[in-house]
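Some structures are shown below for you to check.
Presented sequentially are two complexes of chain A, the first with chain B as partner and the second with chain C.
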Partner chain A sequence: MRPPRKNPILRTRVPTLPPSVRSRVALGLTAAAARGSFELQVCRDCGTVQYPPRESCRVCLSLRLDWHVQDGAGELLSETMLRHSNELFYRERMPWRLGMVRLDCGPVLVAHLHGDCAPAPSRVRVRSALDRAGQAALMAMPEKDTPNMADDRQLREMTCDPKFRKVLITDAKTPLGHALVEAIVAAGADLVWAGYAEPWKKTAGFDQLASIPQVALLPLDLTNSRAVKDAAGEIGGRVDILINTADHHRNYGIAARNGVEVARAEMDVNYFGLLRLAQEFAPALRGRGADGQSSAVAWVNLLSIFALSNFPPHGTYSASKAAALSLAQCLRAELGPAGVRVINVFPGPIDDEWNQLLPPPKIAPARLASDIVHALRGGVEDVYPGDIAEDWLARWRDNPKALERELAAGT
Partner chain B sequence: MSRQRADYDDVVVSAPVTMPYVRYSIRGAHWFLAGVLAELLKCTGLNKGRLDGLCVSSFTLAPDTAVGLTQHLGVTLRWLDHIPMGGACGIVALRRAARAVQSGDADIVACIAGDTNHTDSFRSNLATFSQFARDAVYPYGSGGANASFAFLTEYYMRTYGATREDFGKLCVAQRANALAFPFALMKKPLALDEYLNARLVADPLRLFDCVMPCAGADAFLVLHRAQAEALGLPYARILSTIERHNAFPDDPIQYRGGWVLDREELYAQAGVGPQDIDVVATYDDYPVISLMQMEDLGFCKKGEGPDFVRRNSFTVDGSFPVNTSGGQLSVGQAGAAGGFLGLVEILRQVIGQTLGGAVENARVGLASGFGMINYDRGLCSGAAILAAGGGPS
Partner chain C sequence: MSEPVLAQLVAALIGGRIRIVDLTQTLSPDFPQIVLPPEMGQAWPFRVEEASRYDERGPGWYWNNFSCGEHTGTHFDAPIHWISGRHLPDNSTDTIPVAHFVAPACVIDCSRQAAADADFLLTADFLRQWEKTNSRIPSGSWLLMRTDWSKRTDPVAYQNLDSTGQHTPGPDTDAVRFLIEERGVLGFGSEAIGTDAGQAFHLKPPYPCHYLMHGSGRYGLQCLTNLDLLPATGAVVIAAPLKIKEGSGSPLRVIALVPGPADTPQPGRRTAAKDKKSRVEKKRR
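Let's turn to the complex of A and B:
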């Protein structure tokens, strides 16, 4: 169901956020939701699963609590349709359906309630997603999928679904850019701007993109401040989702190369390119963070798992991605108050020409594109697509120093 | 086996005082607490220096606590308590003060509760009410207690067959009681139709199911019988009291409160049964919780609340008089004073000093407290049975 068209005579709604203050211990839920995981505290000593988050086990008072993934299966005990709220964000979105759910694993929780859930008592699945304030929010979903369930009005306030939205893909010429244009169109976007630089350099299939009705080609060179400003002036006020796929990737670390030109070129696209884009496009996104139900919602950065820890065979590239990651955190802080989510994507090596010498597994561009669409629909902000990325992430979360040593040793 | 708890002997409660309620105020909580204390002293003829104990309840006193208030009010005390227990604070204050007087730690204890209500203070109180509320409730629609009680009400209606008309009957009766009470903020009669068709707030709750936040204060005095007689103050004896916190933590949703664990002792110590109670004050920020108290305090069985409502009239002059000043639903909820309102009214009834309608021959009264929706349910429950100075017989 398409959200109603915006009345251009009316004032654009100014972004407000749901309450964002949480105790530090409750941020454990947010940390998991950022990766798309629903985790609750589990007592290491007695096994009790508990919610809301506490500093100690509510049964045995143990301080040894771990966050573990939950399946969210439970029963809707009671529900209400809230018609009055004390916060602006909700006042502008009334009525709002809420439920009280008892999970099969024990705890009772208050959750946003999907419109397709049967009245209480009924079976539901609780999932955790980031809300517009960037904090974990629990949502009770119907036990079984229903048609068009992603279109639920309350759910769309938590996700960044490309459906019915306008999307800029900054570099559509790469195999990933290509796959992403097709995936975003397939996801129901109204319009996709396919950016391209270096028009003299043709890539296979790029011209065909122009024949897709929803696609408009857009000259966009991120190394050129003037060009970025012009593009923002032309379309910036209409972009709902910006996906920065521009990527300059060369091999080698420090010793194998003389001079700084290659490293500078990497930084010029991967770091300064992001900075130029952010300076020109972010202001309009911030202004449109609550512009109806197809508001500006997301900014996606194609980073690399090498941003977490330097991969010496691609040493200067890793450094440029680490710089981009740091800048993306700044951008996230600046877009947060407008409810616009910054999603960082950390793929392992992509199966393209610049990773020619790396052995498999390498992530296929089409898989990466579909993971990005999935992230937009899912209410997450950090995505680690592919087996290599997952493996690196697990090693990094377990012991970052060990990962550094392993990468130095080439393992 | 727990030891038998001591009776309250000659400790009595006296001097019910109310600082008139207002919807909004530009004053601070200190203003209301000072005002109600001044009124308490005035009506008892006590000099400020005679007070040696003070028990304070307030949500809006921050950054002060009861300690700061002593300097603010210029009182020197040898016993001081601060009871942050919302709707249970009146009962708990009475319990604490009575034992202090009984043991001789204090002679005359003023129990005061009050809050201010600025135009935005309700919202900011909600947002920071508790860690669980801030982490796991307020971000979900920010409906406050309305949403929490909507869940409990929907569940109770579905489980026990209560109807909107049942809740409406109680609200309409309380409003009728309120019309005679000078401090009630609601001044107009409420018709059942008006109740049923009021605007929805959080299904199934409508406007007149929800208490109205306001500013105000209430107070009473706890002291020795001999002191009260020397001062010429009418008093009530404390037959028994109970309190309980976080009862039934494993109930998935609240359908009963801590009274169930303690009611046997409440009546046994008082030497009376539910049938002997002449007038009752339930904690009534939402009608469902009144029905729960009627069940859990033994006036009817669990699940028979709706039937009990259909069989009684609840008015001052009818059967089973409840919330004879109008209750919070018709008087208003002045923050922590909401936890005093019922107790103060029961005190007025049994000592024959009502400001509104008087229940004929009210000798024994029961006041109940319920407070603190910390997360998904109210955590504190309590009750007290008071009797006219002459005794229950």
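Let's turn to the complex of A and C:
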């Protein structure tokens, strides 16, 4: 169901947020939701699964609580239609369907209720997703997928679905850029701007993108401040989702390359490019964070798993991506109040020319593109596509110093 | 004609008997830079960052910081640019004799040939033929190859790359040798992105105009424009690179003095009469 078009003579709604204050322990739920995981506290002593999160076990008072992944299966016990709220965010979105769910693992909780859930009693799946405030919120979904379930009005307030939206892909010349343009179009975007720099360098397949009806080619070189400003002036007020795929990747450490030119070029695209984009495009996105059901919703950064810990053979590239990660956190803090989500994508090595000498597994551009679309449709803000990325993330979360030593040793 | 020589020059400039032609492309972020394989060191394109624009960063003034390579936009190549010229004396932008920055120019019109064949190579025979209808190329002069390449304002057409690389006109090896050994030119100038042809890597030696010109202490000018406004002979080119220490080249403003029709004041030239007029106009407003 296509959302109604905006009435342009009405004031554009100013973004408001759902309640966003959480205790430190409750942020455990958010930390998991940011990765797309629904985790609850489980008592190591008595095995109780509890919700909401607390400092101690509600049954045996043990402090030994661990976060464990839950499947969210449960029973809808009752439901209500909220017609009044003192929270500005919900006041503007009434009515709002809520339900009480008993999870099979024990806890009873109140969740946002998807429109396709059958009336109580019925089976549902509870998932944890980030809401517009960037905090974990629980949503009860129908037990089995229904047609167009992503179009649900309440669900769209939590996701960044490209369907019916206008999307800028900053560099569409790379194999990932091609794949992403096609994936975003297939996901139902109304319009995709395909950015390109250095038009005199042709890449296979780029010209064909222009023949896709939803695609508009856009000259955009992130190293050129004036070009970024011009592009933002022309289309900034219409971009709902910005996906920054511009990436400068060379494979040198410190000793393998004389001088700073390669490192500078990497920083110019990967770090300063993001900064230029953010300065020019973020203001308009902030202003349109609540612009109807096709509002500005997301900013996606193509980072690298090398941002977490330096991969010495690609050492200066890793450093530029670490810088970009830090800046993306700043951007997230600045876009957060407008309800615009910053999604950081940390792929393992992409199967391209600059990773030629790395052994498989390498992530295929088409797979990475589909993971990005999946992330937009879900409620996550950190994505780790590919086997290498998943492996590194697990090792990094377990012991970052160990990962540093392992990467230095080439293992 | 007992007037001092520079007074004569000034009188000719004011009177329009000497016109000034700008041979320089605008330094703009959109102007393409030379393309090398991506694993090699690269020339920076021209980039500009605003320092302030009458705003909180500088309330009463506007200024920028810019960056570019020594070989960005319309630029000068010094002998030290090429390995063949690296041990020559006075081979960098800070040590080249300043007298070389003002020199006569011969303009060889290859525009028809370049239009027909992007890979057109200027030969020694072509130069000899040109001398028959014009005059002998004087020692110490610039040889400027007019191709009208600068009229390709679309950067894609200007670069003219395909899967075998760049296709732009330039001199062949014999022409370069002829100009150095038999005519003693000051240097070679072109409208395309290099003094050498786009496919000059395949000549012997590779990039002869760079290798041989710089190897014998001669200079290069590239990305020139408006060569079609110059006479075949008789123009004087002023091309002074920035005084960069050990500079291999530099972007620069290249202008040419050309003979003009007698007593037609140069457009834009500031004269006492004009200044008075504009002051009066200002008062009226």
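The definition used in the following text is that the second predicted complex is superposed on the first by the 411 of 411 C-alpha atoms of A that agree within 3 Å, B and C clash if a C-alpha of one lies under 4 Å from a C-alpha of the other, contacts with A are read in each partner's own complex, and residues count from 1 in each chain.
As a convention for this text, contacts are C-beta pairs under 8 Å (C-beta built on N, C-alpha and C of every residue); 3 or more make two chains touch, one makes a residue touch a chain.
Since this is a predicted model, take the numbers as computed values, not measurements.
Overlaying the two complexes via chain A leaves chain B and chain C side by side, clear of any clash. With both structures placed on the common chain, the touch criterion links A:S23 to chain B but leaves chain C unconnected. When the shared chain is aligned, no partner comes close enough to touch A:N7: not chain B, not chain C. By the touch criterion defined above, A:R226 lies against chain C but remains apart from chain B after alignment on the C-alpha atoms of chain A. Look at A:T411: by the touch rule set out above, it reaches neither chain B nor chain C. Of the two partners, chain B and chain C, it is B that touches more residues of chain A. Seen from the CA centre of chain A, the centres of chain B and chain C span an angle of about 140°, rounded to a multiple of 10. Legend: residue contacts after superposition of the two complexes on their common chain; A:L98 is shown touching chain B, with no touch to chain C. Once chain A of one complex is fitted onto chain A of the other, the partner contacts of A:P53 are limited to chain B, with no touch recorded for chain C. Taking all C-alpha atoms of chain B against all those of chain C in the superposed arrangement, the shortest distance found is 39 Å.
Chain A has no residue lying at the interface with chain B in one structure and with chain C in the other.
Across the complex, chain A meets chain C through its residues 198-202, 221, 223-227, 250, 259, 261, 265.
Per the touch definition, chain C reaches chain A in the complex via residues 29-30, 32, 35, 38-39, 41-42, 45, 47-50, 155-156, 158-159, 161. By the touch rule above, chain A contacts chain B in their complex via residues 18-23, 26, 51-53, 58, 77-87, 89-90, 96, 98, 100, 102, 108-112, 120, 131, 133, 135, 137-138. The part of chain B that touches chain A in the complex is made up of residues 122-123, 126-127, 131-132, 134-144, 146-147, 150-152, 154-155, 158, 199-205, 249, 252-253, 375-376.
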